[in-house]
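One structure follows; several queries about it will come next.
The first chain written gets the first letter, and so on, giving A, B and C; residue counts start at 1 in each chain.
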Amino acid sequence: MNALFLAFAYLRHNWARALILVVAGALILSVPVVARMLIGATQDSLTARAKATPLILGARGSQLDLAMGALYFTDDRAEPVTMQAAEDVWDSGLAVPIPLLTAFRTGEAPIVGTSLDYVEFRGLEIAQGRMFAVLGEAVLGAGIAAQLGLGPGDTVISSPENLFDLDGVYPLELRITGVLAPSGTPDDDAVLTDIKTTWVIAGIGHGHDDVVTPDADGNVTADAALVQFNRITPDNIDSFHFHGDPDDYPVSAVLLDPHDDRSALILRGRYLDPDSPTRIVRPDAVIGELVERIFRIRSLLDAVMVIVGASALAAMGLALFLAWRLRAPEMQTAFRIGAGRLAIARLAAAEIALLLVAMLALAAGIVLVVTSRGDGLVAWLLALGR
Amino acid sequence: MITRLLAAFLILLAPLARAQDRPVVATVNYPLAYFTERLAGDAVEVLFPVPDGVDPAFWRPGIADIATIQQADLIVLNGAGYAAWTTRASLPRSRLVDTSRGLQDRLIETETVTHSHGADGAHSHAAVASHVWLDPALAMVQADAVAGGLVRAGLLAEDSAGAALDPLKADLAALDEAGRAAFAPHAGQVILASHPRYHYLARAHGVEVSALDWGAGEMPDDDQWRALSALVSDTGATLFLWEAAPPPDAAARLAELGLTGVVYPSLGWAPETGDFLSAQHDALAAIAAAGG
Amino acid sequence: MIRLTDLRFAYPGGGFALNVPDLAIARGERLAFHGPSGSGKTTLLHLLAGLMPPDAGRIEIDGTDIAALPDRARRAYRAARIGFVFQNFALLDHLSARENILYPCRIGAGLRLTRAVRARAQALAEACGIADKLDRKPASLSGGEQQRVALCRALVTGPGLVLADEATGNLDPATRDLILDLLFDRVREAGATLITVTHDHAILPRFDRAVDFADLTGAAP
């Protein structure tokens, strides 16, 4: 007790030194744990979303790009395919195709154009407001809503640049009608809208003042250089229309929800032809491969952690030793007063024990905080790849 | 006593509860609502939210209407450009049936709008006639699509769908037969119509239609009468289809031009009397009675 | 009664040797050693405290030859029976004045911090006039106050022998006299023997006996 009392008094007196030691020690202890945990949770998150997505249909090319783009809306998305791909699956009656167009963004957040089926497929719930109902409406993921401080009634504007190099792209104001409940997935950080709205952003659909006059043959020709609307309102929504064959409209990827295993197998068989411009990937397998890679990185990370941790501990031991050496006169006094070696050792042990307890407590606190925000951090980590 | 009253109350409530529990099928016009009712009977609740007096082809639902329709277990669309709001609303693709998707090569184009947007170059909008159900053969394809949609959505067993589809198709075939017979005296001739709704009816029965655009149930003005008169002398038409019952004065004036007027409801909304079949049979009977 | 007989000590490596043929100090006596630096005064003090064993000879204190005691017993003896006052006070910065006074009882071999010890510490502090400063850290005390704390610490265990190494060397004359008064009074109250080492000839007359180290050892450095 006396040793603990004296050690505590010493540490309290030299609190700054003790604090640095405790923080450094806690970091040495917690960083490997936190890193392992985040990698584990990232793996789980990656795998969970991949497992929840049976098949993805998209352009032939990098399977990983296709899967990452369709699952996490990352920048490395595959070449777009056409809506025909989704319609073919629809006509096959083997799966529900859910088209995704992820080429646009507003600020940092991806705009995900899709159908209401996506919301059902992912089990997303509206926490505030309502689902998008007409062109120009969008709902926000919980994360991006909190980050931007936006809610129903606010607006966001699509960024003018896009990754398709499509002509006619212009910023479109999206009206926010609702905010989704947090799901701990990349959907939290996305702006969800109808795929038709993203086709408007792509310039395939547009609205303008109706200035048409029929000619002698009954054909009507609109004046050139019409002013297009960059905001869809109840007043102008009726002027919005789409050009060309809907089957030719672009989609980044099509999520497939097969009716059963047999349907999935048949569908996969149909897209095996290497000459076909489209292919089906199993996200489970693709992401599984990625996760294996992460596993390999993890063992490397473990080795690095051990080396760095050992060096840091050695440095800390040295710091403690030097600090102890500085106290030689004090120990000399204790010795003259009648303290035995054991008493002095107990004093040192008590100090180290107190420091260790504080380090462990702080490390546990760090781990707890990270654990409680694990989902958000993992989502953030995954979002870094965008 | 109280228990018995409560039990009686609950028994009375039961059908109400069942009605609420029934799956909902939303439709965009009367023919599709009729087909759905014929096929599924009481198994589903047919939702046709267009208010009275509004042409479903041009109806613009409010957000609340769209939200209700989004919740439906099946949403039956006419396609062919009918109810343009469906192209601007967000509807769940997995629960949509486009009943004219199988008819793309049989649609009739009406007019083309060309316009340009600055450097984009010019582009065209092809418009198509949308009242496909007035051709019984196309109506059969639509009925097939409705049945397929009901089965796929799990609202109807495949065999019960088949069992209900056969008599419906037989009825439509009979209607086709009756149509052919009624229009036979006018084969190759031009008939006139108060509204541009009858492209498919005319094509189905081998006649040509030239349409005006008169206000339904209104007395046309003098200009409109003059235009009609010119049309009669150009085409030699003798048959005139009213979309809705005309004012008596108008019927009399039409007769003065040597035209036989027959009310042929376009059926976008429910007829005042009868149903999809009987309303058309009545009209065909009147056409047959008018003769050549 | 303290008796040193044929006491010899040399630091390893040579260069300095201590040789005390015979010295007797009565119980309660106040003795001052003086002499030039490096003559071995502090070394003798350390031998008396049992901090190190002599090379030869005896150090009898009340009949016990502490030179012959094993290490552990010598430590316990030192903790219980000897009080130390240092020239530089040797207080611990991180402890309050009170805790500095109680320190020997917390760390000394075989000692316990009892209620009686606390009461004694309080009484000593009051006697030394620092009762109102017991909660302060040494850094906030003056040199005289610090030495009073050190004095209390040396006496808190109730030692029979108080060893003072230049205890007033760092103090101005007024403070020095005050501290000496306190030291003499407390030692007398405790019935303890006081042995001090000093360069300060001005204070020698106040002691019962002043011993010139050159006379004592007869050895030139």
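By our rule, a residue touches a chain if its C-beta (ideal position, glycine included) is under 8 Å from a C-beta of that chain, and two chains touch if they have at least 3 such contacts.
In this text, all values refer to a predicted model and were calculated from it rather than measured experimentally.
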**OP:** Quick one: point me to the chain whose Cα centre is farthest from that of subunit C.
**Re:** B
Subject >> Innermost chain, taking as reference the mean of every protein Cα atom displayed >> reply: A
Original post:
Just curious, how far off is subunit C from subunit B if you go by their C-alpha centres, in Å?
Top reply: 117
**OP:** Find the geometric centre of each of subunit A and subunit C from their Cα atoms only, then give the gap between the two centres in Å, rounded to an integer.
**Re:** 72
Original post:
Taking each chain's centre as the mean of its CA atoms, how far is subunit A from subunit B in angstrom?
Top reply: 48
Original post:
Which positions in subunit C touch two or more other chains at once?
Top reply: none
**OP:** Give me the residues of subunit B that touch two or more other chains.
**Re:** none
Subject >> Residue list for subunit A, restricted to those that touch at least two other chains >> reply: none
**OP:** Name, in rising order, each residue of subunit B that touches subunit A in their complex.
**Re:** 60, 63, 66-67, 70, 84, 87-94, 111-118, 120, 122-123, 125, 152
Subject >> subunit C-touching residues of subunit A, taken from the complex the two chains share >> reply: 2, 5-6, 9-10, 12-14, 329-330, 332-340, 343-344, 347
Subject >> Complex contacts: residues of subunit A adjacent to subunit B >> reply: 90, 93, 96-99, 115-117, 120, 130-135, 137, 167-168, 194, 196, 203, 206, 208, 212, 218-226, 228, 237-238, 240-244
**OP:** In the complex, go through subunit C and note every residue touching subunit A.
**Re:** 49, 51, 72, 75-76, 78-80, 82, 84, 86, 90, 92-95, 99, 103-104, 106-109, 111, 113, 137, 153
